[in-house]
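Below, each structure is written out as structure tokens.
Both of the next two complexes hold chain A, though its partner changes from chain B to chain C.
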Partner chain A sequence: MRWFILAISLALLGILGFGLVWPLVTVARVSIIGAAGEITFETYGKVFGNAYFMRALVETVVFCLLTSALASFWALPLAWRIGRGQTGARTLRALSQINFAFAGIIYGMLMIVLMGNAGLLALLEAWLLGSEATRGLAFTAFGLAVCYLSFQIPRSALILAEAVAKIDPGLLDAARTLGGRGPAQAWLVVLPLLRPALVEATVFSFLLAMASFGPALLIARSITIFPALIYREFTGFLNFPNAAVMAVLMLVVALVLSALMRLAFGRPSWTETA
Partner chain B sequence: MTITLEGIEKQFKDVPVLRGIDLSLAPGCVTALIGASGSGKTTLLNIIAGLVAPSAGRVLFNGQDVTPLDAADRRIGYVFQSFALFPHLSVLDNVAFGLRTRGVGRRERHARALVALERVRMAGYAGRRIDALSGGQRQRVALARALAPEPEILLLDEPLSALDPVLRDNIRDELREMLEPLDITTLIVTHDKADAFVLADRIVMLSGGRVLQEGTPRDLYDRPAHIEVASFFGAVNMLPEAGDGTGLDQAPVIFRPEDTGRAPSAAQADFTITIARRLYLGDRVRVRGLTSEGHELSVDLPKHTALREGEMLHLTLLKDGESAGTARAAGVRG
Partner chain C sequence: MKHFLKLSCAALTLALAAPAFAEDLTVYDLPSKYMNWAGLVEAYAAKTGIRPTLDLKNGSSTALAAIKLEAANPIANAAFWSLDIASEAKAAGLLAPLELTRFDEIPADLKDPDHHWWGVATANIAIGVNTDVLERRGLPLPTSWADLLDPKYKGLACSMDPTWSGTASVFMYSMNAVLGGAPDDFTTGFDYLKAFQDNGHSYRTEIVAPRLAQGECPITIDAEGNILIEKANGAPVDVVIPSEGVAAVPLGMGLVKGAPEQDKAVDFLNWVLSDEAQAIIAESYFRPVIASAISADMAAQFPVITRQVPVDIPHAAANVSNLKRAFTEAVLQDGDVKAALAAIGLAGS
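Let's look at the complex of A and B:
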């Protein structure tokens, strides 16, 4: 048994080393190697000085933060039903898990089918009202947000459902006997107890959104999504140093923001928030 | 406040848990609801609290039907078996919770919560986290939290069962001291006879969802109306009434092992047994033996009594009270 554990531990280390650390080191190295092979931060300067890139990064971060926070709160009713084992919980859990089988680009396709120029929504609107206000809705910021939320909500719900299942039902009964009705129970007991899980779900959702570029490639027209920009620099313009710098930048921003969210909100409070 | 239960019934998925409970709890009285696991005592407590709706029957507080009211509207204090303290709040905020939900301002609710904590001698722990408290301290905080909104009814579900045996004895005495001056109608669910005897003025014994007997602790111990009540509260001997000849189901004489003593002589003995077994119980010895008619009896004797198995033991009933004779008069049902 000890040899088996040692063997799989070494294999895991190998996978981590070659599959994660080595590519990361390579990307970091490419980002600081100049044309003549010298170490330089010139490419960083170029990327930081490019207003288009910086605006795309800020827009991407803001967009991902907003959709992630919204997804976590929106997932709460679903998480509650799954976590408390209420009617339909098993079906809802299974449906939420299907989400993992879908690549981001499939979500983009679904949005086009639903809200594209010839999507279901536009056809219905034209048929019922004779107008075309929803034509091409998939290609707006709203369409992109709906697309992101559609894969963020089920994943957040599964994380939150675990935390919901751990809430002692006696606490809710205690709140009731102390005069706490539904809203008071939710505000004073459930949400504070779920706070660490809400932060964890938001961080997970944020990282997922930051890394997602499939939907952006298909439908992002009004917002420039940073990972799609990296993809374009890498495969379209073959500008490896630029792509490497942007990748390092995105990684650092995502990790720093995740750490800050956990630090600021991730701990359960034990003093009243009056 | 008087609590009246009229024909309370409860079924869970067609399984009857409570069957026609009629009870009246007097204002200011501490009542223990006792019974074995599954007897329906916690369900009954939760019905009074409004946490569970009865399948039939009514709950009245001071004659007013509160059956349709939710727990949030019944103004009761409830101490849960697990204490159910909010882990994300400090001790003070836990105790102030019931005042907060009723719209009491921060300063006032903290002042009142502090008073409640002083009452249970926990004021020095106001700023502590719940997970930094011992079991006994949590129990006191749970009591303070239930009392802070000044309820007229206090319900306690197995308040001592989460504590270890030594702590349990100490906290039981303290709890009695804390409950005495409150003068509010209190109902304690317990399966422990010591809790019921020490804490309660009256005891209601449930079995199979029915009330078997209601009365003072002495009533239930010394004058049990049912063999199940008698045996629940400790070891018990049963003998057919002399000359009755109708068998145990009719009118057995019951007495407890401690209700006997050694008779000075065979002529003065109420009965004689042949010792079959001698059990050391620490503070006394329990002797088991057979009467000449073949009935098995257990008797408690001082621990230094010299006895051997096979020896004849002449016994007399200690008629201080009321146990044997009254039990016979009450007509114990088997």
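Let's look at the complex of A and C:
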């Protein structure tokens, strides 16, 4: 058995090394190697000096932050039902897990089928009202947000449901005895208890959104999504150094922002008030 | 436990060795409908037991990126791609010359004099129309490139994004010559590409042929073969050959330098130019480079071209990457056409 555990651990180490560390090292290396093979930070200068890239990065970060925060709050009722084991909890959990099986590109395709130029929504509108207001909705910022929320909400809900399940029923009873019901109970007791989980869910869904590029490739028109730009530098222009610098940049920004979110909002609030 | 480990090792060895029995031949390729690649693979596998790979890269640029990264230890034997990308690959020193048996029969503008790349088929870039949708909207079929800029067609047309698709990058490159621009001044072509977007049309990062059939894109700019194959499958679509003229996407192949299975690859590359293979290509409405290989009946299925604008492949290869950069700036970011072209020295004098 000991040999088995050792073998498994070594295999895991190997997978981590080849699947995570090696690609990271390669990307970092490509980002600082110049045309003549020398070490240079020239490409970093070029990328930082490119207004288009920088604007895209800011737009992407803002978009991902907004949608992930929105998704976490929107997921609360769903998480509550799943976490408390209320009617339909198992079905809802299963439905929320389905999207693990879908690649981002599938979400993009789905958006085009539902809200594209000849999407279900546009056809329905044309049939009912004879108008064309929703034609091509998938390609607007609204459409992109709906697309991102559609994979962020279920995943946030699953994380939140774990925390909901762990809420001490005694605390809820105590709140009720003290007269806290409905909205007051939710606002003063449940939300503070769930705050660390809300932050965790938001961070998770923020990282997920930052890494996602399939839907952006297909439907992002009004917002330039940074990972799609990295893809274009890589395959469209074969500019590996640019792509590598942009990848490093995105990684750093995503990790720093997640750490800041955890630091600023992530501590459990009852330790402060107790 | 020991048995478990032994069994695992045996299973792993088998899994790793399995592909060797299937006799695959790794070739980086375009989507399998292009040039009837899937049909070619089936026919070749049935004939020889060797099966070239399908749907491995789905694009010329992705194939070139992979071959470049793998240069020290090549995985692909050959590539099936757009010839401007092939010419870039030659310039990067990634291809090996090959004496093909039918090299002399390929038209001169579709082959590298040094044998590093050669054409296999061409497809004119034309306008695809969904006749159902246009009729429902009470619109006549467009007849020219200029028609697409008419506000009555606002937002109905889709092209693929030239930074994503080889077909679209040839469209981006050739529109200038089609509309009468000079080789050192791409303003005419780029003004058109920008006006296309300004009329609400879109540049998409997806294959547009299925979107034409669905009506999501009632008008497309695409290789004629991609449109005609949807028509043959029963979709309400047709090809319009614009009155200003058309240019063709030159599709071809090349042998990768240091190909791991060179002999097998050479046999296949020669076979693709045989009468048998060229006729299989024509079945998918791509025009074979060896015209004598297909019957008069088959030749009659292709749309009649009144003005064929030649594509200068080496010039395209030398400039397409810069033009894509200018396209991103002037069109996708809505910048200034003259300034973007001046930055790459293609705004004339």
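Here is the rule we use: the second predicted complex is superposed on the first by the 270 of 274 C-alpha atoms of A that agree within 3 Å, B and C clash if a C-alpha of one lies under 4 Å from a C-alpha of the other, contacts with A are read in each partner's own complex, and residues count from 1 in each chain.
As a working rule, a residue touches a chain if its C-beta (ideal position, glycine included) is under 8 Å from a C-beta of that chain, and two chains touch if they have at least 3 such contacts.
Given the structure is predicted, the values throughout are model-derived calculations rather than measurements.
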{"item": "Fit or clash between chain C and chain B when superposed on chain A", "value": "fit"}
{"item": "First (chain B), second (chain C), both or neither touched by A:189", "value": "first"}
{"item": "Contacts of A:181 with chain B and chain C, given as first, second, both or neither", "value": "first"}
{"item": "Cα-centre angle that chain B and chain C span when viewed from chain A, reported as a multiple of 10 degrees", "value": "150"}
{"item": "First (chain B), second (chain C), both or neither touched by A:37", "value": "neither"}
{"item": "First, second, both or neither for A:52, with chain B first and chain C second", "value": "second"}
{"item": "Chain B versus chain C as contact partner of A:171, first or second or both or neither", "value": "first"}
{"item": "First (chain B), second (chain C), both or neither touched by A:130", "value": "neither"}
{"item": "Least C-alpha distance (whole Å) that remains between chain C and chain B when both complexes are overlaid", "value": "46"}
{"item": "Set of chain A residues, in rising order, touched by both chain B and chain C", "value": "none"}
{"item": "Chain C to chain A touching residues, read off their complex", "value": "1, 4-5, 59, 61-62, 64-65, 68-69, 133, 155-156, 163-164, 202, 204-206, 214-218, 321, 324-325, 328-329, 333"}
{"item": "Residue numbers on chain B that touch chain A, as the complex places them", "value": "49-51, 70-78, 80, 82, 84-90, 93, 96-98, 100-102, 106, 129-130, 145-146, 149"}
{"item": "Contact set on chain A toward chain B in their complex", "value": "168, 170-171, 173-181, 184, 188-189, 192-193, 195, 268-272, 274"}
{"item": "Chain A - residues contacting chain C, complex", "value": "1, 3-4, 7, 52, 112, 116-119, 135-136, 139, 217-218, 221, 228, 232, 234-238, 240"}
